[in-house]
Each structure stands twice: as C-alpha cells, then as structure tokens.
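The two complexes that follow have chain A in common; it is paired with chain B in the first and with chain C in the second.
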Partner chain A sequence: MKFVVNGAQHTTVAGPLTTLLYVLREELGLVGAKAGCQHGSCGACTVLIDGEPRRSCLTVVATLEGAEVTTVEALGDRSHLSDVQVAFNEHYAAQCGFCTPGMLLAATALIKRKGGPVERDEVVEALGGHYCRCTGYVRILDAVVAASRGERLGAMAPSALEIRGVAP
Partner chain B sequence: MVVPSSATAAIAAFGDGAGITVLAGGTVVTPLVTHGALWPHRVLVLRAAGLDGIEDGATLVVGGAATLAALAEVAPEPLAGAARIPDYEIRGQATVGGNVMIGGDLQPALVALGARVRSAGAGGLRVDPVEDFIAAPWGRLVLSLEVPRPQAGAFLQQRRRHSHTHPVLSVAVARRADGVHVAVGGLAERAPAVACPSVERALAAGAPVREAAERVVEDVQPQDDSLASAWYRRRALPVLVARALERLEQLDAAEGRR
Partner chain C sequence: MKAVGASIPRYDGVAHVTGASRFVDDFRLPGMLWAKALRSPVASARVLRLATARAEAMPGVHAVITHADVPKNVVGHQEVWGIAADEPLLAEDEVRYVGQLIAVVAAETEGQALAAVQAIEVDFEERPAFLDMRQAWAPDQPQVAPDGNVYFYYPDQPQRQIRKGDVAAAFARADVIVEGTYRPGAIEQAPAEPASALSVVEPDGRVTIYSTSQALYYSMEITSRHLRMATGRLKFVGGTVGGGFGGKLDTLTEPVTAVLALKSGRPVKWRWTREEEMLCSSTRAAWHIEIADALTRDGWILGRRTLTLHDAGAYMRTSAYACSKHTFHLAGAYSVPACAFNTFVVKTNHVPTAAMRGFGVTSASFAVETHMNRVAEVLGMSPWELRLKNANRVGDTSPSRVAYANPSTVSTLLAAAQAAGVDLPEAQRAMTNARREGALLPAHLVEQQREPVAHLLAWREGRPALEGGH
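For the complex of A and B:
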C-alpha cells in the first residue's frame, strides 16, 4: 500500500488492517499523533487525510491507497510555527500537550474550510470530538478564533526548554 | 482482503456473507480489530466499490457506503438531524450502511420516514421496509437506502453530556402523505428502532399532542443499560415524543399546512 505522508511517498510493510496511527508512530517515527483511547473518541490521534481531519486510530492501511496524510510534524517547526500554532502558544492553549496535535490539525482544517474568520460556536462544533483534560477549552477556543482572524498578540510564551536555558 | 471496484464485484465477493467482515467507514470495526476483539477471516473493503452515491429526488437514494456527513447535506428531517452525530471527524468517515447495521441513530429516522433498504446476500437482491430489515440484518450487504421525502420532520435526542456515548433516547417524527409517523431508538444499547403505532393512531384520531405522546409506552419495551434505566426511559420518552410532535406542529404552522 502506497500513500503520501507529509509530502513524501511511503510504502508501508504493515498488514491491511493495521491502523494509520500505528504506521505513523511505529513505522515512520512520527509521534505527533497520539495513541489515546484508540476507539475514535478522544481525538488525540487526529491527522489530515486528503485535507480533512480524520482519526488515524480508525483508519486502516487497506483504505489509504493514494491518500495524502498530513501530521502535526508538517504544520511548522520551532522557528516557523504555523498561524494556528502561534495562536495556541500566545493564548496558552496547551498545557500537557497530548491533545494539541489533534486540536491544531482540526483547527487548521476548519479555518481552511471556512476561508476566513470563524465563530466560537463553529469551533466548538468542529473540535467537539477532541478532548482536553487540562485547559478547560476556553483558551483553545480563544486561540482558534484569533488565528482565524489573523490576530497576533505578539508575545510568545517561552517554551519549557527556553525557561531552563536549554534552547535559545 | 478484497477491495472491489464496483457494486457488482462487491456483491459477488460478499456472496451469502458467510465468514466475511464488511469494512465500510471502519469506525466500529477498526477498534475491535485493534483491540483483538475481532479477528476477521476475510475482509470486504467497500471504499472503492462505488456504493457512496446519493441521488436526490422525491425519493432520496443513498448508497450504503455514503458518509453521514454527505447524507446530512441533502437529507430531509428527521434524517438530517440523525446523521449529524456530534463529532465532525466521525461524521465524515462513518457510513450509512454501517450505521443501519449496528443500530445507529439513523434507524428511528428511517423508520419514521418509511424508508426501504436494498441489500444483497443469500437469495440475491432484496428490497425490504427498513423495519423488517433491521429486525434481522445479518448476512446482508446494504447497497442503498430509498428514502421518500416527507412533508416535514423532526429529530430529537436525549444524550449524556459526553458526546460519544450512545444516545439515551432518540425520537423521529415525520409528516407523510398518510399522516404523522413516529419512531424511537435507544431503547437499549443496539436495540433496533421501533415504530409507535399507538401514538400514530391517537394523532390520527385527533388527540392533542401531549395525550398522544403518552401512548408511546404502549409501543416500546425499554431496557436497563449502562446509560439509563428502563424506568427513566419510560418516564422521559413521552416528554421527548411530545416535544418532537410540537416541533412538527410549529413547522406545519410556519408553512401554513394546518
């Protein structure tokens, strides 16, 4: 089975009923998608498949021929965060971070779908399948709405590595 | 594993359904496989079989592998409401056929609308009223649903706050040419939806909505399960049926039907 992951062609050696989540984490070492409930209920394994957010734990290799998969690793990196990542950072929308990759991808897809500012209730609806046990959601909603409007606070929260003086 | 690229090939591969596991959206099958609860012998993947088409018209014809998201776009109420399950990603992956097979939320809406199910399996192709089909769906491959458009409809659900449990109760009502039809689901986990002829008869005889709704307890046998007790379901159901019927009355009034 051949499909594209973050722009690169991948031919998997995994069996047809293996989940995409397993292929990403164990075969490709892309651990951004999290293995949470593995029943489709928590949203932590969400990736984009052909641009649409999907649960990688519910998607098996047999259905992926020719698909284009995007994981959080392709959204941005430390020096070039995507707008949604910047907004999450500025609004303190991540705490433990386990749900963050799924939230970021679903939010990115929502903003792309709407092609402009999104309302709070649209975010609630789009992220309804994503659990966060730390933030209480309010900051996540703030961040997605701000990102959709192109708003920047201009004050990035320092990363844990920066605080410890490990990273510049 | 078979991945047929046409409906004909899918029907042939399915045969009489013995020893074959159908994988449509996989939202139910995949976790079972992942967690070792299901070891499929042969798998029929529907993805490329062309069973996901939707034909709009006086009767909506929905392919068995159409997604709930696609259905919600075109379906009349109460079916659109039932298809709009509260999770964007699942809606885009879950199929109509899988939903009908596992006793999902579409069932009460389809019963209220008088839908028919086209299926293949032992003995060849069949078209059944949805109520007959869901009473014994095993060994059939769902090809399509035929859904006559009603004059008006409404769908109401009682859910736990956690959006991912099965509903505690679902009520679908539809005004069709021959009168108002009522069906309920969620009487127990995976119990098939049932029609409510006692309510329908009371309405036809001119009973006020609240009085007709009380009759629903004659039509159902709710069970205790982890979501709710049979006692609770019997108490809550007339309220929910009455609210759905009131919504139908409001729609009728707004559109000047009665």
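For the complex of A and C:
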C-alpha cells in the first residue's frame, strides 16, 4: 500500500488490516497521534486524510492507496507555528497535551473548510468527538475561534482572575 | 507576587501544540517488548491452578511472570504511614475483584503477547462476592480479607473518630433534629492517557522506568519494595502525564514492567487499553454518609453526629488516609461545637479505590452542603442565612480543635452570593470573619472559644498542647 505522509511517499510493509495509527507510530515513528482509546471514541488519534479529520485507530491501511495523510508533525514547528497552534498556546487550550494533536488537526480542517471566521457552535460540532479531560473545553473553543479570525494576541490570554479585575 | 493571577506562558505549551511532548507510550527502545496481562474475570474466587508453560512456548514470548517472580509480592500503598501491606502485585491463591492482575506476558509484539495471555491456563473456584458496604456488619456475609471486611485503625477501634464537646447534651436540648443520608458514587478518573510504563535494565544493573505516575517518588518507593531494590538503583523518568486526576497515584504498571525487564533482559513497555483503564484502574470510592444535626429553631447548629462508610474495594491502598481527611472535614466550613463523627473503611469485592481530586473531602463537602440545604428547608430559613450564621469565625475551632486564625467561609459565601446574583439583606452583606460577639455569639459557642486548643498532631505525639492554634 502506497500513500503520502506529510508530503513524503510511504510504502507500508504492514498487512492491509493494520491500522493507520499503528503504521504512523510503530513504522514511521510519528508519535504525535495518540492511542487514547483505540476504538474511535476519544479523538486523540485524529489525523487528516485528504484534508478531512479521520480516526487513525479505525482507519485500516487497505483504504489508503494514494491518499494524503497529514499528522501534527506537519502543522508547524517551534519556529513556524500555524495560527491554530499559536492560538492553542496563547489561550491555554493544551493542558496535559494528550488530546491536543487530534484537536489541532480537527480545528485546522474546520477553518480550512469554512475559509474564514467560525462560530462557537460550529467548533462544538466539529470537535464534538474529541475528549478532553483537563480543560473543560472553554479555552479550546476560544482558541479555535481566535485562530479562524487570524487573531494573534502576541501574549498569553488573560486569566480568569484578570478578566474579573482581581489580579494584575 | 507578580506571578499570582497573571498569565504566564506554559513551559510545555509549545511542545504540546507541536505534538513534540513525549508521553511514556511515545518512547521506543531497541529490542523493546510489549506486555499484556491476564486478569480476573470474576469478583471473588480461589485460584486453584495457574500454568504458564504453554504461554511461555508461544512465538515471540520472552517472559511470563506470576506472583512467584515478584521479589516481594505483597506491598501496601501506605506502609510508610503504618497501614499494613495487604495487596499482591500479582494474585496468589485468590482474586478479589474483576480485573485483578494474575499474570503478565512480555513478547515482541502486542499481538503475540495477547495470544500468549490466552494460552495461560487458570482454574478458579468462584466464591460469593461482597459488594454492598452497607452489609458490613450483617451476619454470614462473604469475607473479603482474612482480617474481615472492616479495617481497624487501632487494635480495639475500627473507626476513624472525632469527639468534641457534649454531643448528648446538644441533642437533648435541640429544638429540631434533621437527619439525612448522602451516597456519592464511585467515579473513574478517566485520564486521556491510559496508565503506561516502560522499564529498562541498564548495563550496570540499575533499572530505568519511564512512568505515567503523578507522584514519581511515591511510585519509586513502592516499586523499590516490590523489587527489593534500593531506590538508589531505580531511576524514574516522568513529568509528562496525560492527565491523572488522582488515578495515576497508583503504582501498578511500573513494578510489573520492571519484573518483566529483569526476567527477559529486554526493555518492556506496558500500555493499558481503555478497557483496562475503565475496568481495573482505581476509582474514587463510593460513600454512604449519614448526618444528624441538633439545631435550635432559629438555625444554630448545636451538635452533629455522623456515620460514614467508605468503599475501599478489595485492598486498602489510600483508603485509611482518605477517611481520616474525610472525618476531619465533616463539620464543613461551619462551627459545630459538639461533634461525634465515625468513619469506617469497608473492604468489598469492587476494584480498589484511591485518589481523585480532594478524595475524602469532596464526599464530606457534598454531604455537608446538601445537608445544610435540607436543614434550611426544614427550618424554613434562607440557606444563605443558615450558612452565614454558622460560618467559621476567628477563634472558632475545627472538629479536631484547631482554632481558626483567619477562616474564609464568610467572604467565600458573600462572593458566591454576588456571583450567583443573590441579593442578601444588608445585615448579612456586612458580615465578616471577625471574632464572634453579640447576636453571633450564642451561649453554646462561648465555651468552645475558651477551650485550650490542642493541635491534633501535638496530642498524638504527647507534646504539650499548643495555645492559640495555628
């Protein structure tokens, strides 16, 4: 099976029913996609296949001939972060960081599909299948909406105490 | 203090948003094996036979371990605090809960390890399970542990108890007694990252363990007991934890991978499936809490009696500690001059319960605050007024007789009322935590403010009582 991963051609030696998650992590060493539940419930393994967010733990390589796969490793690096990555960092949308790669890819696909600012309910719809145990989701929604508007704070978002005016 | 309340970049923020943060499951080492476990399918049984020869001969298998391979199999999570060791790393002649670990295989792939687990032969003689902690004293119940279903804090005293003031007198002179039962259920912490560990035996014989522990040194101490190795021969690598919420205080994966690595001579990784995480990682305990308050008609709490049962599950882990914390907090944030609190740790055939976000205290807070609402309803008074009246003031004492130097109950209540848009009468809005006087110092609270204050630890250690609290 031949497909493209982050712009590079890859020919897998794995059997046709092997999951894409396994190929990414064990064959290619791309460990950004996480094995959170391995049955399609948590979204931590999400990658883009031909631009659409897909669960790599449920996607078998037999379905990937000629496909283009994008993982978090291709979104941007430390010196060239994407708008979504910047927003997630500035808005404290990543706490433990385990669900973050999947969230970033789903958010990136949503913003690209809309081609402009997105509303909060659209983010809820698009990220509804992504489990985050830490944040309570509010900061994630803030980040995706800000990224869709191309907003860069250039600083960290105000804390709850700052918003209420009881901190410096 | 410039940092307090200010927005500061996370040290790991950029690593998280680039997917560069390395969790335990993200490490790969040359020659690394994968572990899979055989777990109990039943809540209570004798293990009649356990045979691993067939599994050991399976393709790719490098090691199969049972209890016989663990240098010190039975360890306690809180031995350092005097709680006796009671929990085997791998089951010996019995299993006490669904999912209890019996044997673990290390093989070249997860698939090979799983196939070998299925080849392990085990025979059970199932026993009736004990699942309802409320039956702890009922006759003819199945016994979970050899020393019974109720843990004893002291040789002659099962309960963690607090006694303060004259409770009998408080109930004798009460206008109203309000009783309630509160039963917060068990909760799975459900971190996004399942428990995982990776152990490597270094050339010098030291063992390096990549751990998802949220308490690295605590896990290292427990692992060192199981391995009978000094902590100086163990190196724990942690710090990137995919959510813990208390569940990753348990030290269940690290010693297992270490024993497998020592036996196989290869690095061994074990990552739990989501099913294992839900089925047999510890949960927050279920609780049964009964409260009876002796009250005056105008809403003063004269005294409180409580009975708490805590479902420890099959082994003690951190339950004794959780129940101590629970008992100390049963007055809530209020001044209760006469207390008789009794808390029992009950062992059942449920999965062992352990830490989760303020464990021990959240159950007490839930019960106390729900009870305060019930009291207000019975007395026909505002729940805000009831709370503000009984809220701790400077000089009030806790159930364990620590005098509060600067309690924040009043300011917290006023802030909560404001945030909730509740319009309190001016007299209540003007309240502070200042020492009680006038209408806020009824006769029944005078005495406790005069009592010499003994710090609980000072009392336990036989040191002279500390005056004035802390």
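One rule holds in what follows: the second predicted complex is superposed on the first by the 155 of 168 C-alpha atoms of A that agree within 3 Å, B and C clash if a C-alpha of one lies under 4 Å from a C-alpha of the other, contacts with A are read in each partner's own complex, and residues count from 1 in each chain.
In this section, contacts are C-beta pairs under 8 Å (C-beta built on N, C-alpha and C of every residue); 3 or more make two chains touch, one makes a residue touch a chain.
Bear in mind that the values here come from a model prediction, so they are computed numbers and not experimental data.
Engineer: Mind working out whether A:Gly36 is in touch with chain B, chain C, both or neither, as first, second, both or neither?
Structural biologist: second
Engineer: I'd like to know which partner A:Val4 touches here: chain B for first, chain C for second, both or neither.
Structural biologist: In the superposition, A:Val4 touches no partner, neither chain B nor chain C.
Engineer: Just chain B (first), just chain C (second), both, or neither: which does A:Arg78 touch?
Structural biologist: A:Arg78 sits against chain C, while chain B stays out of touch.
Engineer: A:Ala14 in the overlay: touching chain B, chain C, both, or neither? Say first, second, both or neither.
Structural biologist: In the superposition, A:Ala14 contacts neither chain B nor chain C.
Engineer: Which partner does A:Pro101 contact after superposing on A: first (chain B), second (chain C), both, neither?
Structural biologist: second
Engineer: Counting only touches as set out at the top, which of chain B and chain C does A:Ala67 meet: first, second, both, neither?
Structural biologist: Neither partner.
Engineer: With both complexes superposed on chain A, which partner does A:Glu52 reach: first (chain B), second (chain C), both or neither?
Structural biologist: First partner only.
Engineer: Quick one: chain B or chain C, who's touching more of chain A?
Structural biologist: Counted on chain A, the partner with more touching residues turns out to be C.
Engineer: Please work out whether A:Leu28 is in contact with chain B alone, chain C alone, both, or neither, and reply first, second, both or neither.
Structural biologist: Neither partner.
Engineer: After overlaying the two complexes on chain A, where does the chain B footprint on chain A coincide with the chain C footprint?
Structural biologist: 38-39, 41
Engineer: Touching chain C in the complex: which residues of chain A?
Structural biologist: Per the stated touch rule, the residues are 25-26, 29, 31-32, 34-39, 41-42, 44, 71-73, 75-78, 81, 85-86, 88-89, 92, 94-101, 104, 131-134, 155-159, 161-162, 166-168.
Engineer: Flag every residue of chain A that touches chain B in the complex, lowest number first.
Structural biologist: Its residues touching chain B are 16-17, 19, 38-41, 43, 46, 52-55, 57-60, 62-63, 106, 125-129.
Engineer: In the complex, go through chain C and note every residue touching chain A.
Structural biologist: 2, 4-10, 12-23, 25-26, 28, 190-194, 240-243, 245, 271, 273-274
Engineer: For chain B, which residues count as touching chain A in their complex?
Structural biologist: Those in contact with chain A are residues 1, 3, 23, 25-27, 30-31, 33-35, 40, 43, 45, 47, 86-90, 92-93, 163-164.
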